[in-house]
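A, B, C and D label the chains in the order they appear, each numbered from 1.
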Amino acid sequence: MDFRLTDDQRALRAGMRGLLAARYPRERLRSLADCPGGPPAPDRDLWQALGEAGFFALRLAEQDGGAGLGLPEAVLLFEEAGRALLPGPLVATQLAAGLVPGAAEGACPVTALDRPGTAEHLASAEAVLLLDGRAARVLRARPGGAPRALRARPARSVDPTTPLHLVRQLPRPPDGTAATVPADAPRLCREAALLTAAQQLGSAFRTVELAVSHARRRSQFGRPVGAFQAVQHLCAEMLVRAELARAAVYAASLAAEPEGTAEIAAAKLLADSAAVRNARDCLQVHGGLGFTWEADIHLHLKRAWLRASQWQSAADSEELLANTLLREASHLPEGPHASDATDVLDAENVTA
Amino acid sequence: MDLTLTKEEEDFRDRLRAWLHDTLPRLPPEPPAEDWPARRAHDCAWQRALHDAGYAGLHWPAHAGGQGATPTEYLIFIEETERAGAPYVGANFVGLLHAGPTIAAEGTAAQRARWLPPILRGDEIWCQGFSEPDAGSDLASLRTRAVRDGDSYVVTGSKIWTSHAEVADWCELLVRTDPAAPRHRGISWLALPMNAPGVTVRPLRTLAGTTEFAEVFLDEVRVPVTHRVGPENDGWRVTMVTLSYERGTAFAGEVVACRRTLARLARTARANGRWDDPVLRRRLGRLHAEFTALWRLVQWNTSEAAHAARTGGHGNPGPGASVFKLRYSQARQKLYEAAAEVLGPESLDTRHEWTAQRLSSLSYTIAAGTSQIQRNIIAERILGLPRGR
Amino acid sequence: MDFRLTDDQRALRAGMRGLLAARYPRERLRSLADCPGGPPAPDRDLWQALGEAGFFALRLAEQDGGAGLGLPEAVLLFEEAGRALLPGPLVATQLAAGLVPGAAEGACPVTALDRPGTAEHLASAEAVLLLDGRAARVLRARPGGAPRALRARPARSVDPTTPLHLVRQLPRPPDGTAATVPADAPRLCREAALLTAAQQLGSAFRTVELAVSHARRRSQFGRPVGAFQAVQHLCAEMLVRAELARAAVYAASLAAEPEGTAEIAAAKLLADSAAVRNARDCLQVHGGLGFTWEADIHLHLKRAWLRASQWQSAADSEELLANTLLREASHLPEGPHASDATDVLDAENVTA
Amino acid sequence: MDLTLTKEEEDFRDRLRAWLHDTLPRLPPEPPAEDWPARRAHDCAWQRALHDAGYAGLHWPAHAGGQGATPTEYLIFIEETERAGAPYVGANFVGLLHAGPTIAAEGTAAQRARWLPPILRGDEIWCQGFSEPDAGSDLASLRTRAVRDGDSYVVTGSKIWTSHAEVADWCELLVRTDPAAPRHRGISWLALPMNAPGVTVRPLRTLAGTTEFAEVFLDEVRVPVTHRVGPENDGWRVTMVTLSYERGTAFAGEVVACRRTLARLARTARANGRWDDPVLRRRLGRLHAEFTALWRLVQWNTSEAAHAARTGGHGNPGPGASVFKLRYSQARQKLYEAAAEVLGPESLDTRHEWTAQRLSSLSYTIAAGTSQIQRNIIAERILGLPRGR
C-alpha cells in the first residue's frame, strides 16, 4: 500500500499543468467569460492540442492509439482541468474516445446526457453520448443547433464559460437517430461522475489558494485579514474539505467493482460540497472584491454548481450510499454490540 | 497510488488474522466499565498476549524492544484487531503510544532498559500528567513546579484529565523547572512513580456520569533527577516529538469502529421502521461518504508516514494530522447524533451503548486540542497565514 | 402594536425569577443531579409553593381560582423555569389545571403523553393526561409505579433531574382505565409545545450567559478567551439563535387560531435548535471544564434533548410548516412574478 | 406584548391600502433592469406620487418635511406597499434612508431647505460615497482626501459600491480632511454634486453580470465648504447617527418579499413534483419558521424603536440590528439555495428570476458589514466580551 502519487503520476500532472499554463492562461479564461454573445464553443485548437497530448485517449489501450493508463491518471488530469476551469465537454469526450471517431484525437468534441436536464456544449459538439440505459448510444449532431430528438432549447447559462441547453427528453431506444455503441452505459456514468468529481477537486483546491493568497495580501484594521481568526478558520475548513475530497476521489479511482460504485458516490458527494462551499467561503474571504465579475471566484462557484448537478446529484449519491450501508450491515456479525437490534419497547419488559 | 497490499503486507495480515481467530475466543469477558483494577488486569493480560505473540510495540523501533513494523503494517494491525473485536489498548494507551515512544526517542540506555520492557510486557501502566486546570488548551502555561533539591525534584501542583491514574504505576509528568524562562522553555519531563508520597488521585466525573479521568494532586512529591527524560528545561520539545501520535493513527481504530457502528445504525433503522424516512436515510448515506473518506485519509497519512520512515524522517504525522482530527471529531459527533435519531425515545436511555457514546463524543472537539486550536494550526502551519492574534 | 413586555408582565417574570432564586437555588439543582438512586420525584414543597404562587392556575379564570392570564404570561413563567432547569411535569400540570383536581393548587403533579415514547415523572405523578385523540383523557396513577395500561418500563434517564419511562402504548378509547375530560386535546398539545418551547428559550439564554461569563473570566494564551474571535463568534451566534427563538415564541403566544398552529410549530423548531445548539456551543466555549459533571452545561443540554423530543418533533413541525406554506401560496395572486409557475421545459419552446 | 394594531394604526393601514389599490393599476410598467435613466424616471414618479398623497418621508420628523409617523406606521407602510406589489424605493434609497435623515439631523436650516424638499418630491437623487477599494469592511480607513482651498474643498480619491451613481444628482461623500488625526477622526461629510468637473463614474460589473454598482473617481473635484454637513472632522459621528438605518427597517420589506417567494417555491415544487421529496419539503418548512421569526424580530425591533422615539430616544435600531442582519442575510441565501433545488436544471438558467436573485443574494453576508463584522459587534457591544484582537 502506498497511496502517494508515483513519480510517473507526478510527471503526468506537471505536464498537464504546464500545458494549461501555456495554452490556457488566465487571460484566455477571462476573455471567454467576457464574450458578449454568451459562452463560446470550445476552442478547436486547444481541443486539438489536448488530443495531441493524449488527454482524450489516455485510457485507450496502446494498440488503439491510447496511453493505456487508468482512472487514477485520468483523475489527476481532470483535477488540473478543474483547477484551471478549462471549459468544454471534456468528460464526455474522454468517455467517447474509442466509441466516436475523432473523439480520441481531439478532432471531435462529444457531449453526453444520462437523463433529461441540462446538456453542455450541445450546439458545438459533433455527437451526443446517450447513457440513459444499459447500452450506450450515440446521437449525431445537427450543424449549429441541438439534435431535434432531444427537444432542447438554449438556456442563458449561469456559467459564463459553458453554454447550456435544457433538454426535455432523450429518444427512446430503438430509435433511428441514435446508434448503439459497444459500451456499458452505467459504467460510463460512474466514470463520468468520478471525472467530474476530480474537476470539482481541482477547483476546490484552487479556491483555497485564492483565499489564502488574498488573506495574506489584503490588509484591514491595520493587519492582513489572514491574521483574523475568523478568516483563518474559514480557510482551514476549506483546506479540510478539499483534503477529504481528495482522499475520496483518489481512492475511488483505484477501487474495483462493486466497491467502486459506493466510493465514486462518496467522491462525487464530497467533491461537490468541497467545490461549492470552498468557492462560497473564498468569496466571503474576499469580501466585496469577491462579488465582482473581475474576480475568478464566481467562475469557480458557477462551474461548481453546474458540475454538482451533472451525473450524480447529492440525493442520488446519498441514497446509493445508504443502501450500500445496509448491504454491508447484513454481513456483520451480531457480535458484542448486539444491543442495536433489540427493541427496548418490546412486550417482555413492560410496566416496572 | 496503490491501495493494494504487498505480498509481505498480506502475509503479515494473514498471520495476524489467524492468531486473532485463535486467541480471541479464549479471552475472558470484558470487565465492568467502572471496575478499574479489573480493567487494568484485563488490558495487561491482552498486552501480555500480544507480547508473547510478537506483536508488542509493533511500531516501536527495534532498539527499544519493538518490532520495527512499517506504518502500513501498524495500520493493518489496528484495522484487523478492531475488525476482529479484540480488546482496545485501554490502560496501556499512554505507555505504548506516548510515554514509551518518548523514552525510546529521548531516554538514556538505562532509562530505556528500566521502563520500556515492562510497558511491552503489560507489567506497568503509565498515565499522562500534562493538562492542568488553569492551562486548558494553553498547555505551555502549565504551573506545576519542580524545585531541585539534591538528587531530587520536589514537585507541587495539580494535573487534570488523567486517564487510568487510579491504576497507573507511572505518570509522564510535565513540570516547570525554570519559572523565569519563556512559556515554552523551562519545562521538564519527569517519570513520576504514582505511589510516591504526596500523590493524591481524585476521580473526575464527566458529563457522561463516568469517571474515566482523574485529577492528580502533587504535594511536595520527590522525584529522583534520574527520572528526568531529556535535558532539564527541554521538556516541551521532548514531549512534542511524539505528541502528534495522539492525533495520527491513534484514531484509526476508531474510524474502523465508527464505520461498523454506522452499518449497525442502518440495520437498526431498517428494523424499527425509521429507514423509511428519506431525511434520515440520506443523512446516513452522507455519513457513509464521510467515514469512507476519513478512512482513506488515514491511509493517505499512513503512506506519507511510511515514506518519511523509509527516507529517514520521523514517521511523524505532523500538522496534517490536524486536518484528520478536526474532521473526524465532527464526524464522530454527527454519527452519534444520527444514532439518537435512529433510536428515537430510546436515545434518552443511557443504558443504550449509543447514548453513552453520544455523551462521550462531546469531548472529541475539545480533547487533545480543541477544534479551534486545530484550525489555528492548519491556518498557520499548513496554509502559512500570518500568526493570528 | 407594541411587542415589548408590559410592566405587569415584567413584574410577573421578576416574581418568578425571585421565587426560583429563593426556593430553587443552584445548590438544589446540583443536589438533584447528584442523587445516587437516579432522578428524584419533584419536591412536593416546592410544587406546593409554585401552586400557591399561582403558577399552575395562571390561565384559569378568576372565578375558577385562577389568575385569568393567558399564554403570553405563561410563556414568560416557563421561560424562567427553563432558565433555572426547574424539574417536574410543569407543562402537563398547568394543562391539567381545572381538569384534574388538585393540579391547579400544586397538590397533584400530572404528567402527559400524546403518543407512545417517553413519559417524564410517570412514577410520581398522580395522573396522566392522555392527548392522543380529539378528546383529552385522564388516567389515574398506580402508587409507586406506572399505570399498567401504558405498558411502560423505567429508563435510565439521560437527564439526571428527570425520571423517564419508555411507554409502549396508550390505552385505546373507550377504555375503562382512562376517563374523558372536557378539553380539546389538539389545542392542549399545541399549548404544551409552546410552553416546552418557552422552557427551551430560557435554557438557551442561560447558556449564552454561562458562555459569556466564562469567556470573560477564563484566560488562555495570556488573555481572556472571550477576546479570541473564534469564541466571540460562537457566542454571537448563540445570542442570535436565542433572540430569534424569543421573537418566535412570544409571537406564537399571541397568535390566534389558525395562524397559531404554524407559529407554534416555528417556535418549537427554533427554540429546540437554540437550546440544543447553544448548550453545545457553551460546552465548546468552556473546553474541558464544560465536559465535567460539575458544570451545569450538560444539565441544560440533556434537558434540551429531552424537550426537543417532547410534543412536536422537528420533523412534525417542518412538515406542518411546509403544508401551511402551500396553503398560503394558494391565496397568492400570480402577480408580477408569475414565472414561478412556468415550466421552461414545456413543449412549446423546444429545439433552438 | 401586543401585536394587534391600534385603532389609529388600523385607520392608517386602511387609508394606505385604499390609496394603493387606487394608484398602483395606473402606474406604468417597470422599465428594464439595466436602463438606468428609465429606472430613475420610474422611481421618481413613484416618489412624486407618494409625496402628493402625503406619504413622502413618512418616518422623517416634521421639521424636515416628513410626516412624523411612528415606527409602527412606517412598518405598516413597508409591509403594505410590499404586499401590494408597489415599486421599491429604488433610486430614492440613499436620499430617503440615509443622506436625507443625516441632513435632517445634522444640517443647518439652509441645508435642510436646499436638499430635503427635492428628495421628498422625487426631484433629486442621491448616491452614497462611503466605501473605498482599499477600505472594505474597515470603512474608517478611507483615504479620499479633501484639502481646503478658500471656500472649497478639493477632493481626490475613489469610491466603490455606489448604487445609482450614473443617474444621481448628489453624492453623500465621506472624505479625510485631517490626515494626521486618528482613524475615526479627521473625516468630514460632504454633499458632492455629481456633475462637478473631475467626477468620473465607471459601472462595476458584479458576479451577477449586472451593473447595479459603480466606481466613482474624484480628480481634484471642488466642493463648496457650505456643502459640508456637521463640523469639519466630525463626519464619522455625523454618518453613524443614521447609518444603522441601513441595518434596521431597510430589510423589513425584503422579509415580506422573501416570505412571498417562499410560498411560491412551495407552489412551484408542488407543480413540478419536487414537493414529494421530504428532504426538500422539510427544508422549506424550516425556512418558513425562519422567515416567520425574522418578521417577528422586525416587529420586536420596531416596538423598541417606537418606545425609544416616544421616550425621546433616537428611534435608532442600534447594535440589536446586527442580530437581525446577520441572521437575515444567511436566511436569504438559504432561501435561494432552496429555490435552486426546487427549480432543478432550470436553476442554471439566469433568465429565471430566482437564479438572478440567488446570485445577488451572495452579497448579503458581505455588504453593509460582513457577517464577521456583525458577529464582532454582537460579541463586543451586546455581550460585552473583551475587544477582539
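Here, contacts are C-beta pairs under 8 Å (C-beta built on N, C-alpha and C of every residue); 3 or more make two chains touch, one makes a residue touch a chain.
Everything numeric in this text was worked out from a predicted model, so none of it was measured.
Enquirer: Applying the document's contact definition, name the chain pair with more C-beta pairs in contact, B-C or A-B.
Expert: Between A-B and B-C, contacts are more numerous in A-B.
Enquirer: Suppose chain centres are the mean of their C-alpha atoms. Which chain sits farthest from subunit D?
Expert: Result for max centroid distance from subunit D is chain B.
Enquirer: Taking each chain's centre as its mean C-alpha position, how far apart are subunit B and subunit C in Å?
Expert: Computed value for the inter-centroid distance: 39 Å.
Enquirer: Counting only Cα atoms for the centres, state how far subunit C is from subunit D in Å.
Expert: Measuring from centre to centre gives 38 Å for this pair.
Enquirer: How big is the gap, in whole Å, between where the Cα atoms of subunit B centre and where those of subunit D centre?
Expert: Each chain's C-alpha centroid was found; their separation is 54 Å.
Enquirer: Residues of subunit D touching 2+ other chains?
Expert: 277-279, 282, 345-346, 349, 372, 375, 389 - these are the residues of subunit D that touch more than one other chain.
Enquirer: Residues of subunit C touching 2+ other chains?
Expert: If we look for residues of subunit C contacting two or more partner chains, we find 116, 155, 166, 228-231, 233, 315, 344-345.
Enquirer: Under the touch definition given earlier, write down the residues of subunit C that touch subunit A in their complex.
Expert: 116, 145-146, 148, 150-155, 165-168, 228-230, 233, 344-345, 347, 349-352
Enquirer: Show me the residue ranges of subunit C that touch subunit D in the complex, using the header's touch definition.
Expert: The contact residues of subunit C facing subunit D are 1-6, 9, 72, 208, 212, 215-216, 223-224, 226-229, 231-233, 235-237, 239-240, 243-248, 250-251, 253-255, 262-263, 265-267, 269-270, 315, 317-326, 328-330, 332, 335-337, 339-341, 343-345.
Enquirer: Show me the residue ranges of subunit B that touch subunit A in the complex, using the header's touch definition.
Expert: So the residues of subunit B touching subunit A come out as 1-6, 9, 30, 72, 85, 260-268, 270-272, 275, 278, 281-286, 288-290, 292-294, 296-297, 299-300, 302-304, 306-307, 323, 326-327, 345-346, 349, 352-354, 372, 374-376, 378-380, 382-389.
Enquirer: Mind pulling up the subunit D residues that touch subunit A in the complex?
Expert: 131, 133, 136-138, 141, 160-161, 204-207, 209, 277, 279, 340, 344-351, 355, 359, 362-363, 365-367, 370-372, 375
Enquirer: Using the touch definition from the top, list the residues of subunit B that touch subunit D in their complex.
Expert: Interface residues on the subunit B side: 277-279, 282, 389.
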